Amino acid sequence: MVYLTRKEHFNAAHMVRNDSWSEEKNREVFGKCANKNWHGHNYNLFVTVKGKPNPDTGFIMNVKELSRIIQTEVLDKLDHKNLNLDVPFMAGVMPSTENLAIAIWKQLAPHIKECQLHCIKLYETENIYAEYYGE
Amino acid sequence: MVYLTRKEHFNAAHMVRNDSWSEEKNREVFGKCANKNWHGHNYNLFVTVKGKPNPDTGFIMNVKELSRIIQTEVLDKLDHKNLNLDVPFMAGVMPSTENLAIAIWKQLAPHIKECQLHCIKLYETENIYAEYYGE
Amino acid sequence: MVYLTRKEHFNAAHMVRNDSWSEEKNREVFGKCANKNWHGHNYNLFVTVKGKPNPDTGFIMNVKELSRIIQTEVLDKLDHKNLNLDVPFMAGVMPSTENLAIAIWKQLAPHIKECQLHCIKLYETENIYAEYYGE
Amino acid sequence: MVYLTRKEHFNAAHMVRNDSWSEEKNREVFGKCANKNWHGHNYNLFVTVKGKPNPDTGFIMNVKELSRIIQTEVLDKLDHKNLNLDVPFMAGVMPSTENLAIAIWKQLAPHIKECQLHCIKLYETENIYAEYYGE
Amino acid sequence: MVYLTRKEHFNAAHMVRNDSWSEEKNREVFGKCANKNWHGHNYNLFVTVKGKPNPDTGFIMNVKELSRIIQTEVLDKLDHKNLNLDVPFMAGVMPSTENLAIAIWKQLAPHIKECQLHCIKLYETENIYAEYYGE
Amino acid sequence: MVYLTRKEHFNAAHMVRNDSWSEEKNREVFGKCANKNWHGHNYNLFVTVKGKPNPDTGFIMNVKELSRIIQTEVLDKLDHKNLNLDVPFMAGVMPSTENLAIAIWKQLAPHIKECQLHCIKLYETENIYAEYYGE
């Protein structure tokens, strides 16, 4: 079993706010992240798949094909978007790094067929990232 | 003459759009950056000052004091903000990387007194940055 | 289960030397790291916790709270310190990257309550790091 | 159990091409990587070993010794070489990132004696890497 | 005057060898870089232009257009190529980092029209780069 | 004229303290950097030289020779040392980043003969660096 990882990136706006809470509680819990006029991030996304190298290619999966799937299923839907307003698969979900990593997994998993999706690692900033392994 | 640089960072939302243009022309020129629901970035900011080291300290300027000025004059006004809506010193200015670098220079220059402000270098993404030297 | 990581950093001096050994054996095993006048590093620390996202926040743990705990229990005790002389929880321990990672785990584990501490990853230089998972 | 990682790097040329295929199929599957005049990469290699710290040193393995083994068994054989032509242990193997990671594991494993080899992580570019854990 | 920089990258093979010299002298001067079977690099390219921001866009030059020019004039001709064999504009030129930076300047300068080309910065490895300012 | 830069690194201990001042004033000005038991850093050093490429080599200076000079004149004297105690060329000088950059220039300048030393850029941490151009 070998693991192969492809790094991609996208830029998006969001806010982290619970509308069932008071403004005061939102500020206490989410701090500046609750700003109603939005803020944003350069997200770095690492998608890891696992499998056995195909003897004809040496690849567990063609990384060009992996890139194409990430582009179509994830980047086209998230890049230069507002995570709270523009993204059907995030509707009704708090756009935390954790939840966004889980949602990206769900977008990609059905399309990885030659091998298996192993991990979604998502950097919100250089100092914060989440990882999800599918369960 | 020695040059000293301090790196800081902030996260913000913005859109790049010219309201005197049609939607079509905005999309043609600004592409995804014109999304009306905003997008955002992790900005990395490098502030460079120049001067002669003080013999008592070895410093051209105390980097703690430089950090404090950047915090008060720049980061408190930009971090987790919307560059089009929340920032008085960007009012009426296209929030391009170039214009934001110039605006940050104007915020900082009056407060650097022990030595001279030399350069503002601002990364919008890992792949795009602007530099401004005050003229 | 989702994993969330926070990066922090601190600067410290240390030496790696076994006082029960001859100077010659210290130099043979530890090389330049045995310099009796100390040397030092910029340490980068990655703390990973794991848990389920809270539906109210989308967080497995509030990263501000995680940062506060790391600051109080680790950084205040290690930053700009001498690892051999100034740090009670390193007393009598060889300050190798491996041992320092284990010691940081022990400092943090009792304070992570909402979710579980998963990994301490500690960079001594850009080219050397240790990881510890609690057992 | 603690994990210790050493980063090294090497530069090499290669092509990815299956000689039993037509030129057309090579171009379709491997794209620009099939260029018959070669292309190349700066490879970054992360070697992770695992074990218990020795009480006399604080080390699971002396990182100088780990570096020496990587130099002798891997870097001397790969650095500034052509992976398809110059490397006996890659003879007859497609020089994909996956296969190169597996081959590096086989080179190193017999020489790690004080502790256990845990992982080979190999970056072909900043955006693509493979990991192999020995099975 | 503001400076705007775009980062791009390409992968290429080369050798550094002077055919009018003996094998011995080539090895003495160029070391492993003279390997007749080639080696290669991931090159990182930073292209800087300078000018005044256009009031309608805030841009000194549209970075999408800058990227398009770099793609057409430089990357399409260098990426996944052999610098000694495949690149007409490097014919008869030693493919050192210095000479490659000068050659990239000459490729780009005629195509930068809205503003001025200022600097080509080219990384051959993380530890070596050349800069050229056009004279 | 082309500029060529070589990156190197070293690890060292230091304190920043003015012995003619009270402990209180040292703490006020230098903060944690005045800790009498030392702290330390991983320093990253960028040495830039400038000149015209030699037609026989394509090099303004052989980077192997530049590395050898930096090793002999700088790294052997600073790496794994105490900047206040162990370094003759820093005797009586406050070991600030600024002063250390100037001192490294003075160490290297007499030994760069084929071309000219242009800049010393020295990172004390990822967030602070000094540059010196010789005057």
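Letters A, B, C, D, E and F mark the chains as written, and numbering starts fresh at 1 in each.
Methods note: contacts are C-beta pairs under 8 Å (C-beta built on N, C-alpha and C of every residue); 3 or more make two chains touch, one makes a residue touch a chain.
All values derive from a computational prediction rather than experimental measurement.
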item: Common touching chains of chain F and chain B; value: E
item: Length of the shortest touching-chain route, chain C through to chain F; value: 1
item: Path length in the contact graph (chain E to chain F, fewest steps); value: 1
item: Most distant chain from chain C, judged by the mean position of its C-alpha atoms; value: E
item: Distance between the centres, which are taken as Cα means, of chain E and chain B, whole angstrom; value: 28
item: Mean-CA-position distance for chain F and chain A (Å); value: 41
item: Centre-of-Cα separation between chain C and chain B, whole angstrom; value: 33
item: Sites on chain D at which at least two other chains make contact; value: 31, 126
item: Complete list of chain pairs which touch one another; value: A-B, A-C, A-D, B-E, B-F, C-D, C-F, D-E, E-F
item: Chain F to chain C touching residues, read off their complex; value: 9, 11-14, 31-33, 35, 37-42, 79-82, 85-86, 125-126
item: Residue ranges of chain A in contact with chain D within the complex; value: 1-8, 48, 53, 55-60, 62-64
item: For the chain B and chain E complex, residues of the former touching the latter; value: 16, 18, 21, 29-31, 93-99, 101-102, 126-133, 135
